[in-house]
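Once you scroll down, you'll see the structures, which are given as structure tokens.
Below are two complexes that have subunit A in common, paired first with subunit B and then with subunit C.
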Partner chain A sequence: MTRPRLPANASRLSTGASRQSRAGVAFVAGYVVLLIAFGVLPTGYAVYYAFTDAGGAFTGFGNFVDTARDFRFVDALGHVALYLVFWLVSLVVFVVALALLLHRLASGPLSRTLRFLYYIPGALAGAASVLVWLFMLDPTVSPVSSLLEVLGFDTFGEVIAPGNLALLFTVIAFWTGAGGWIVVMYGALNNIPRDVMEAARIDGASAWQTAWRVQIPMLRKWIVYMVILAFAGGAQLFVEPQLLSLASVGVAGRDYSLNQLTYDFAFQMNDVNGAAAVSVELLVVSVSVAGVFVARSGFFDAD
Partner chain B sequence: MSVHKCSRRTAPLAGCAAALLLAVTACGSGGTGGGGDGALTVWVDATRMEAAKLYQASHPDVKMNIVSYDGNANGSNYLQTKVQLFNRTRKGWPDVVFSSQNNEATWAVDAGFAAPLDKGLIPQPTLAKFAKGANDVCTVDGTLYCLRNDLSQVVLWYNAPLLRKFGYSVPTTWEEYQALGEKVAKEHPGYLVGDAGDSFTPEIYLWASKCGANQITGPKSVSVNTTGEGCTKMARLLDVLVKNKSMSISGVFSTDFAKNEADKVLLMPGPAWFGGAVFRDGLKTPAKQIAAAPLPQWRGETSPSTGNVGGGTWLLSKHSDRTEEAADFLTWVTTDNAYQGTKAPGFPAYAPAAENWLKAQAAAGYFVGDLTPLKDASAQVWPGWGAGQFSQEAIWAATVKPGLTQGKTVESMLPAWQDAIVKYAEADGYQVTR
Partner chain C sequence: MPTETRRRGGPPRHLASRLLVGSVLAAFVVFFVLPVLWLLLAATKTDQQLVHDSPLSFGSWDALSANWQALTAFQDDIVLVWLRNSAVYSVLALVITLCLAVPAGYALAMTEFRGRRALLVATLVVMLMPNATLVVPLFLELNAVRLIGTMWSVVLPYAFYPFGVYLTYIYFSTAVPRDLLAAARIDGCSEFGVFRHVALPLATPVVALVGFFSFVANWTNYFLPYVMLPESEQMPIQVGVGSLLSNVPSFNPTAGSLAVERPQLALATLVAITPVLVVFLFAQRFLVSGMLAGATKE
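Up next is the complex of A and B:
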């Protein structure tokens, strides 16, 4: 009597486990297929192009050297670097600050309203939100034209002066991208155990001390995660300058960022191999930065 | 065991999914029609849509696929981008395409896209009736690769009733033009004698002054000298008038120009298409106000020289498998009175149609007086400025316009302008002489 029971139980367990693992594989398979089709294969293709010429012959680092010698390359590199500094600093400072503020107002209807407001811009597609900003920045049609005029801007041309661009792209990117991160950080703050906060309060920590010594250290991994993704995204700056360039009839040059330059190499100068070389450089830089952050922050360490 | 089963099952599944994805992406990239799908695929911008539809209406037996795109306006390079992609996928090219850029032939020949037109596709007698020099921008190494849609010779547009009210006369020399600008600044501040805020500025003013910034001397060679006398004297004129604000630096296509300065235009040097596209449609200037006069010339010169500011081109694809239909469409759209002679917004490049167009404009009654100065100016384009692969408009917009906004003088930026042209030309593979 006992004999049949055990195997029955065991087999039930094993069918359950195998069903589970099959479901797991099915779920992952979809992602893996997409990753291979739209991630791995194009990357491999780009690497192949970066090291060959138009005829398919191996060129070593020739494409990298040629593109780096282009008169626009150093400028574009500088623009992207400046933009990344503005963008990452503002993202870390303001997103964390706003999330903490939101968390302090946690109960009450104000928090829900704020969370919704923060999230709205992120719901707009990238190009659409840039278009919204093109209107915002044109004193003739902007709903905040009086603010622009106070700042000394009377025409669109003055607003988009070359010196302002890194700041403008930061503002646009922050507006479109930060809301989602605030919601993520808010969720992470909610995950901090209640008793830890309680203990801090009992120990007499002020709001500032709690934030600085308890909450921010416990958010560290999320902040690192945000910085890695924001760096990779920011290094690929393209939509904002490209649309601004079209809207300003070329005043905000077509080769402001590295990605715009790759676009120009590929389609304007018919140098797909050079374009691939620059995009491979962007990939290497982004992956290296991510590697450094992950290693330094103990990102994958179990708590 | 179960894992093994799974992997056996998922492997073909993954394979199928990947194949499906590839199939979908392949369809997506080549889905814009083109040779082989049984219809004549024509790409036009919004303005030329009417021409394509008119052709379709009068040729119901031709199966057409009319595609609207931005016409490469403002140097968008959409066409070039797409052709590069079609060249890779080896399908999808449109049979006939309109572009608002004049320099398409320079890259389209290199990219193996443009078909030669004067080797039997378009009869020589038809080609001979295009205005003199009209198809120069379409000629690469002596072969014709596109047909000019409209000419874009520059004239001096002016508001006739306003000029009469202020008691001024139309200037005939640039010296008089500058003097008038200084007078307007004093007597009627806010009114304008021109605009220097567009990317067309070098082509309207500096080309007219025979500034040697862009002399294409061979298929891949250019001579660039922005500091010659032709350039500096016009730069100084612009600087005086920009400083006293009788010349705007907003740009006629900007929102602030349309809002604040639309009714302040007293004079405005501009290409033929300014008449319809800027005054009538853009600035909504009422009828019976705008007239055209010959462009001023420098004192001592015998006739004005003008720039060639845009004017679209039509290209025929080398890959078309409906060459005869495509050539017929191309001929019709550039020469037939049904469109060019009556409906076209710009001055037709095909001389017989231009005659008809001038009559049609007179009959429509929008302009004051006739537009004969346009006809005269069509023969006054200075040939020392060419259509290279790099965009002069984009270079000016990115290098000179921001400085102008910050209050720098054009004259002080001439060397920087030259430097930028040289760099862009060299990046595009041109041999540059200075």
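Up next is the complex of A and C:
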């Protein structure tokens, strides 16, 4: 195959470079196959299904309108939105604060031990974390049952009343997810050049001022990265409400989150087109939110 | 709290602020660790003890072994089958991920080829995409090629791991100098030889990191296998313990005659997380050094 015209630096490309180029293609080939099969194709498939009906005929936004009219849709949307607010705020505030505090402890064994202890629940991601919290929230067996009773909850059913769910899911997600981000933020804090910190100290900045004026601005990209991934993850809330509905003695329904709705559309109501429409909506919202954050924060800018 | 030698100087902190920091950090230790501790102890109790004894008391070894017996007796050792499934799916996917993601990250960072930028952008975009959202279309796609109900319906999607590609890409482009590779080429190394004998040994920390994250992600995934593998004998342990839950009478009054008691559910949860904890203990050294890879580069 003849090479197309290359930009000015093409003259640097020698036979060695074309050898490298071939090797580069060989090295990525396997990954590209997976990327197409499990990234690009399902996305395309979802978009195709979202705009067609069961017979394959084009329906425009029909599926989007139909699913939005479903009596459960608006509720599920509200639930997920409220959960996202709780989840993102708690993640940003506590993860950044804890990483800064741990960093101030110096890099001794205490800080390392605390990071390890905070990370442990990370191993319980998925169904395990929900199961643990079902126990924590059941006043008959919980180690903090006295706390639950002080708060006015005497039975499991009262704890998991629908109004509390967004907060409870936040606690569960924070419990499993925060430790990993604390490790990441701690590493990022270590990456702040020593002379910058030194300069702040010589200028007489207090710990609070250093954190607010120097460290947090320099963590910005990591915080943005965390928010983007946490938003995408949170918008797809599934396992927590799904398991809770199994265990709630009928209190929590199977239609709390949007993702539960997609599951229901696809596998209970046999409406894959409706499910795909909701999937595409989640996709569009997550990618746009990511786009806004990326654009406004200069995420891709080189420092 | 022991006083550490602080790396940065500054005026000595007041006792009050020290106490405040200490109590905040301690409160979070309780929050993160107490449920795990409770879980460890719950597995050693009978259901009676769970309700009536102090929550943080140790039950007995007898009760633990009885719980294990009851758990394994549930549907003829199905718990062991679930564990084996999880191990097979996670490890197979992990091997494929490492074989494909590490060379891809290397090539993206260290070689020039057509489509390189497009591939980087596609990888970033796919990373931002909510994976669970793609589960339904993935189901449709795999259904079209008749893989639903086979283990490949979860192994292959698990093996696709853009986060790992990105991680290796960043690592190679920041931590490994191109001159080193050029020197190896001048010495007559083939492109594969350069990768195998020069780049790969330098990349041990990031390979471990990718391996760890991939394993944990595969092991803890719930939604994908929940959809793809409905048969009980095919479930991984995560979906399995979820289905155990519906057999616990105190959570689900309609549970049938095959009732599972709460301490057995706690034990099943413990069994489900143990492999991840073990891997985490081994990977911790790499996790810390991997996260700090940039910090040592001066």
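A few points about this structure:
The rule is simple: the second predicted complex is superposed on the first by the 270 of 303 C-alpha atoms of A that agree within 3 Å, B and C clash if a C-alpha of one lies under 4 Å from a C-alpha of the other, contacts with A are read in each partner's own complex, and residues count from 1 in each chain.
The rule is short, and it goes like this: a residue touches a chain if its C-beta (ideal position, glycine included) is under 8 Å from a C-beta of that chain, and two chains touch if they have at least 3 such contacts.
Owing to the predicted nature of the structure, the values given are computational and were not obtained by experimental measurement.
Using the contact criterion defined above for the overlaid structures, shared-chain residue A:37 touches subunit B and also reaches subunit C. Once the two complexes are laid over each other on the shared chain, residue contacts for A:162 go to subunit B alone; subunit C is not touched. When the shared chain is aligned, subunit B and subunit C each come close enough to touch A:140.
In the superposed model, more residues of subunit A are touched by C than by the other of subunit B and subunit C. In the superposition on chain A, A:232 makes contact with subunit C only, while subunit B stays out of contact range. In the superposition on chain A, contact of A:177 is made with neither subunit B nor subunit C.
When the shared chain is aligned, no partner comes close enough to touch A:241: not subunit B, not subunit C. Look at A:270: by the touch rule set out above, it reaches subunit B but stays clear of subunit C. Of the two partner chains placed by superposition, subunit B and subunit C are both touched by A:21. Shared contact residues on subunit A (touching subunit B in one structure, subunit C in the other): 17, 21-22, 25-26, 30, 32, 34, 37-38, 138, 140-141, 156, 246, 248-249, 266-267, 272.
Every residue of subunit A that touches subunit B in the complex is listed here, in rising order: 14, 17-18, 21-22, 25-26, 29-30, 32-34, 36-38, 70-72, 138-141, 154-158, 161-162, 246, 248-254, 266-270, 272.
Residues 13, 16-17, 19-28, 30-32, 34-35, 37-43, 45-46, 49, 94, 97-98, 101-102, 104-108, 110-112, 114, 116-128, 131-136, 138, 140-145, 156, 175, 178-179, 183-184, 186-187, 190-191, 197-198, 201, 207, 228-229, 232-233, 235-236, 238-239, 242-243, 246-249, 259, 262-263, 266-267, 272, 275-276, 279, 282-283, 286-287, 290 of subunit A touch subunit C in their complex. The touching residues of subunit B, when paired with subunit A in their complex, are 1-3, 6-7, 10, 13-14, 17-18, 21-22, 74-77, 80-81, 84, 107, 110-111, 197-199, 249-251, 253-256, 259-260, 391, 393-394, 396-398, 401-402, 405-406, 423, 426-428.
Residues 1-2, 4-10, 13, 21, 24-25, 28-29, 31-36, 38-39, 42, 50-51, 55-56, 99-101, 103-104, 106-108, 110-116, 119, 122-123, 125-126, 128-134, 136-141, 156-157, 159-160, 162, 165, 185, 191-192, 195, 216, 219-223, 227, 238-239, 241-242, 245-246, 248, 250-253, 262, 265-266, 269, 272-273, 276-277, 280, 284, 287-288, 291-292, 294-295 of subunit C are the ones touching subunit A in the complex.
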